[in-house]
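Shown below is the structure under consideration.
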Amino acid sequence: MAVPNALLVIIRHAPHSSNWLREGLDAALVAAAFGQPVHLLFMGQGIMALLKEQGSGAPGQKATLPTIDMLEMYDIEQLWVSEGELKSMQLSTGSLVEGVTLIADQEIPGLMQQHATILNF
Amino acid sequence: MILHILTKAPDSRAATQMQQALGNQDSVLLIEEAVTAALNPAWAAWQKYRSRIFLLSEDLTSRGLTHIAAKHQLPTMDVDDFVALTEQYEKTVTWY
Amino acid sequence: MQYGLLVMGAPYSSPAPHSALRFAHAIITRGHQLAGVFFYHDGVHNASSLMAPPQDELNLREAWLELHQYHDVALDVCIAAALRRGLMSESEALRHGKQAFNIVSPFELTGLGQLLELQHRSDRFITFA
Amino acid sequence: MAVPNALLVIIRHAPHSSNWLREGLDAALVAAAFGQPVHLLFMGQGIMALLKEQGSGAPGQKATLPTIDMLEMYDIEQLWVSEGELKSMQLSTGSLVEGVTLIADQEIPGLMQQHATILNF
Amino acid sequence: MILHILTKAPDSRAATQMQQALGNQDSVLLIEEAVTAALNPAWAAWQKYRSRIFLLSEDLTSRGLTHIAAKHQLPTMDVDDFVALTEQYEKTVTWY
Amino acid sequence: MQYGLLVMGAPYSSPAPHSALRFAHAIITRGHQLAGVFFYHDGVHNASSLMAPPQDELNLREAWLELHQYHDVALDVCIAAALRRGLMSESEALRHGKQAFNIVSPFELTGLGQLLELQHRSDRFITFA
């Protein structure tokens, strides 16, 4: 889990409610494109970015799912999801895209310490 | 009689304040982030305002919550129904 | 019926403009009139002629322009909220000694009196924020 | 309390956190200047606009208190404060400016019905 | 060791998430809207992180909360102390 | 020490720019270096040359300019975030066929790579949002 120069990007905002999610993912993609190892941690409403049934919705609204699918191509393979928050949102891992890893709440502080750089969106 | 439009999640301040302002004959439409109320059928407002609280279906779809809302048998309406609802209510108040 | 809309969210930062546009089209489809849209608070950014979103995203300003062109909807922008946020018309640019401007017709800079006037003259007045 | 054509302006946001408070008060002042009776209802964080000890704080930040003091000059004399929210914020009326009226939570729906026009900030 | 900067009120999602991420040796600075924590000395974080959680005094003053913070004997620091604190912590994370 | 700042709130809509400026001056007063400020998300509005707040309010863009003039602080603005929100330089205006522009030097439109670069080269990197 510990990669010395890895960047941890924390995603806490839902699709469509604001541009925090998209601009957070953009930062992660650019860091990965520059060759930096990037890990993602999804907390709270940010978990909604991973819901696999997201549709195109209203016309003109850009969907998030294609960007999530793109992460693997950029070698961003570590997607942590806060287990406690998943439960408190009454979501199951079955409703999320594949490839996520649950992380127990008490492990989150350790995760923060292990990463030399953090960007919080 | 007022139609209340909530745009923020059920655990937001906006949601709390809306519930304080809600009259006995008022209705509620949940749009944008407020459709995350579909995840929580135990949210007090679902019981308390039964038959006068609705989810906007387009916003459920874009957030991937359509099936969850259906599973919990929560009432939805689309944007045309939304307009029809505003025809019935002289006043609307948006909580954000 | 006559409808009036108040839009107080910025494009791409808030879903309010999207919701308002969708609602505006549904009003018209159901045979109502849309008297006007008033842009206040961060909603003033909807009027920026310098908005240049990626090509796969809706250009919200252009979507408002279409609404004006096809349905004669007035597009009023609060002048105090706009100036503070870096939005001005040619005449305001002259007055403030600026070299450029980013609000052009049919968007009109106007005072809050227009908001109250729109609210009074509309049978239904809906806020998106 | 019931004035047929009165405008109710609801203030729910605190000073400095955003521009909602200032732009809400501006709308109230303009309506009053146009001769419309205006009533204000302060809920939640909006109550903080009424704290009488607000200082000038950091340089360059415009204070709210002068605008609150201006309300009376514009004949905006009805300032309701949600009693339940005042209590839940652990504030007392003694910490607020003079001239506010407490309103019990159960009276708020009635207040909403009595006003023909409402603006919610 | 991380310095956490909270800019939103104690009842916000940002405040909850910050507390989930807080390590045993981390400190917290409350700025902007977060200084409303001065109103509630019973906020769990005041007890739990005693001696490593602070209010920014300039933001207390502009909001009229200086006396309330003093009455509740809550620790404050000014912006110079804030910089000094960042000298001690290699990493800072802002919750908003 | 070398500091870097990330600013993600808009002037007048968020207190983040005020907090960041105050912090910037305190850094310098304590003898540290401020390598640069990166404006992202709604923070890009700090760079607008068309900002015209009331005279009794601080003009935040001018406050950033002073910081650059007296302390040689680089002011970088994320180009993707800026274009979407109606902020562009002269060269971007040409590229997008626009008649005006509202980003001028010393504010520089740049990619997110600069944000990561600033974060790496700073001993302390602080976000205001």
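Observations on the model:
The letters A, B, C, D, E and F name the chains in turn, as written, and every chain counts its residues from 1.
Methods note: a residue touches a chain if its C-beta (ideal position, glycine included) is under 8 Å from a C-beta of that chain, and two chains touch if they have at least 3 such contacts.
Since we're looking at a predicted model, the values are computed, not measured.
Listed by label, the chains that touch chain D and also chain F are C, E.
The fewest steps needed to get from chain A to chain D, moving only between touching chains, is 2. Ranking all chains by how far their C-alpha centres lie from the centre of chain F, first place goes to B.
Chain B and chain E, compared by their mean Cα positions, are separated by 35 Å. A separation of 39 Å divides the Cα centre of chain C from that of chain E. A separation of 34 Å divides the Cα centre of chain A from that of chain C. Averaging C-alpha coordinates per chain places the centre of chain A 26 Å away from that of chain E.
Listed for chain E are residues 13, 32-33, 58-59, 93-94, 96, each touching two or more other chains. With touch defined as above, residues shared between interfaces to two or more other chains in chain F number as follows: 12-13, 15, 19, 22, 41, 57, 80, 84, 125, 127. In chain D, the residues that reach two or more other chains under the touch definition are 16-17, 19, 45, 58, 61, 117, 120.
Every pair of chains meeting the contact definition is listed here: A-B, A-C, A-E, A-F, B-C, B-D, C-D, C-F, D-E, D-F, E-F.
On the side of chain F, the complex with chain D involves touching residues 12-15, 18-19, 21-22, 56-58, 63.
Per the touch definition, chain C reaches chain D in the complex via residues 6, 40-41, 80-81, 84, 111-113, 115-116, 119-120, 125, 127. By the touch rule above, chain A contacts chain F in their complex via residues 7, 19-20, 23, 26-27, 30-31, 34, 36, 117, 119-120.
By the touch criterion given at the top, residues 5, 7, 31-33, 58-59, 79-80, 82-84, 86-87, 90, 92-94, 96 of chain B touch chain C in their complex.
The part of chain C that touches chain F in the complex is made up of residues 10-13, 41-42, 45, 48-54, 57, 80, 83-88, 92-93, 96, 98-102.
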